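Each of the next two complexes has chain A plus one other chain: chain B in the first, chain C in the second.
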Partner chain A sequence: MANTYELIASVTANGSQTSIDFSSIPQTYTDLLVKVSIRVTAGGANYTGYLTLNGATTSYTGRDVMGNGSAASSNLRNYSQIYIGEVNGAASTSSTFTNKEIYIPNYAGSNYKSVSTDSVFENNATTAYAQLEAALWSNTAAITSLSINAEAQTLVSGSTVYLYGIKNS
Partner chain B sequence: MAAGSTYTPIATTTLGSAAASYTFSSIPSTYTDLVLIYSGSGSVSTDIGVQFNGDTGTNYSRTLLYGDGTSAASGRQSSVSAINMAYQTTGIQNAKINVMNYANTTTYKTAISTEAIPSFAFGAVVGLWRSTAAITSLTFAASSGTMSIGTTLSLYGIAAA
Partner chain C sequence: MANPTRVEINCETGEESIIELTDAEVVQMEADRIAFEARKAEEDAAAAALAALKASAKAKLVAGTPLTEEEAATLVI
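Presenting the complex of A and B:
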């Protein structure tokens, strides 16, 4: 049976990168799926995670719904990158890495690109988040590269990002 | 990789003309779960409902959690004629709908979806179809207006082994 859910590439951080980047993404799939497990070395509890597409720094909009253990809320996320939820820093519970799943349908098409992100930032303390994010990149270009970062902080060694391609035929 | 044999395209369509609904029929019973990916736009802003096996009775219910960028809220619909599991606007949005254990003939069927509507909200839905029948068809229908040309619907089968 043909593979329809294929690993395109993966990166395991070596302790020096401030982003994880994928370039020359093949245009042969229908959708992209990005699985993220990262933490940063910086001293705060949480840092903002971002996704950029094709290196662009404009034309992103977004909104989310999130829960922090005591209340649900919603926020606009209109930044120069796509907001993908919070990322654990050194002040959060040790050995705890945020997990995120990012889905990008029709990434090679000529419509604007919608992005869906599920994110957990768990922490054995008072601050923790479950977050769901909707984002739009108002650009018709096919996605050929993407990058993940957390406020450009250094990623902990062992942080991983996996990029999958999904074919619908 | 192993996942390739368990994430199998069953059927897909890219709408060549505006349509109020689309039905996947003759869904094989050989998988464990179903995944439906929606990506597209519509003529108006409206819910998109899912019906199984052509059942138009009031045998569905759902719970919704959503945020519109300002506030978060939750809502319920019970004894309705479809599970509103996605939402369309005239902009681009997507939804991923998971239907668990769809082929069994013992339990009522549950589904969950995440709907990313960048111009409006993010929603998460859990739905129930009160039927023990195996799901053999799935209809995806706008509550009003139509789904636009170029909208894609892809149905995958997930096998447990």
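Presenting the complex of A and C:
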């Protein structure tokens, strides 16, 4: 159980941005927790959410398990960014957002970095997504920045990302 | 017309910046978007093909007719 749980920073999009980025992340915590609530303005029902670490576009691997309202599946997610689940677009139920919690243990260490995500895609329709993702960034660098986007689509006003630091002592 | 922007917060200072993407970043973003759409179409097609195989396998099981190896593979855990 974490001894401390502190808000490092939070950002609310104003309706014209395609990503939310955190830079100069302090190296004084044990783990990072990112809470994401976003939606995009683009016209489709769902878009793919991504996380990038330190601006890197390589060395990510991942797998998820998901339900989409009609079937369950497991999928490899070896992309140029870390897959963090589906994101609501304009064709999904209005004013619904996808909510995600991303946990990054030992982000300041020199081992490869694991990332786990749980994600839900709210939608008043048959198709909606509940997903669990496990990812690995095969890089030993400490994480000093991270970025959230959804296929580089514009985030609706009110989309928020909160970054927390967790200490084990 | 101005390029799209991103919002960046410096966690040490708390300073929030709205940064306009460069032309090169916009070009890359469009390329990424096309790649995303292509990959999604591939994944959707694969999921639809698997669903069709499973439906065919189920129908053949019920009818007592032989399954293809591909259909049988969808039933083996």
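Of note:
The criterion applied here is as follows: the second predicted complex is superposed on the first by the 166 of 169 C-alpha atoms of A that agree within 3 Å, B and C clash if a C-alpha of one lies under 4 Å from a C-alpha of the other, contacts with A are read in each partner's own complex, and residues count from 1 in each chain.
In the analysis below, contacts are C-beta pairs under 8 Å (C-beta built on N, C-alpha and C of every residue); 3 or more make two chains touch, one makes a residue touch a chain.
In this text the structure is predicted, and so the values were computed from the model without any measurement.
Three-chain overlay on chain A, with chain B and chain C fitting side by side and no clash. Within the superposed three-chain model, A:8 lies in touch with chain C and out of touch with chain B [touch as defined at top]. When the two complexes are overlaid on their common chain A, residue A:133 makes contact with chain B while staying clear of chain C. If you count the residues of chain A touched by chain B and by chain C, you find the higher number for B.
Contact with neither chain B nor chain C is seen for A:95 once the two complexes are overlaid on the shared chain.
In the superposition on chain A, A:163 makes contact with chain C only, while chain B stays out of contact range. After superposition on chain A, the vertex angle at the CA centre of chain A, spanning the CA centres of chain B and chain C, is 110 degrees to the nearest 10. Contacts of A:73 after superposition: both chain B and chain C are touched. By the touch criterion stated above, A:30 is placed in contact with chain B alone, chain C being left untouched.
Judged by the touch definition given at the top, the superposed model places A:22 against chain C, while chain B stays out of reach. By the touch criterion defined above, A:111 lies against chain B but remains apart from chain C after alignment on the C-alpha atoms of chain A. With chain A fitted onto itself, chain B and chain C come no nearer than 9 Å, counting C-alpha atoms only. Under the contact criterion defined above, the residues of chain A that touch both chain B in one complex and chain C in the other are 73, 75. The touching residues of chain C, when paired with chain A in their complex, are 4-14, 16, 18, 21, 29, 32-33, 36, 40, 43, 47, 51. Only residues 1, 3-9, 12, 37, 39, 41, 65-72, 74, 91-96, 114-124, 150, 152, 154, 156 of chain B touch chain A when the two sit together in their complex. By the touch criterion given at the top, residues 8-11, 13-14, 16-26, 47-48, 71, 73, 75, 147, 151-154, 163 of chain A touch chain C in their complex. Listed in rising order, the residues of chain A touching chain B in the complex are 1-7, 30-31, 61-67, 72-77, 103, 105-106, 111-118, 132-136, 166-169.
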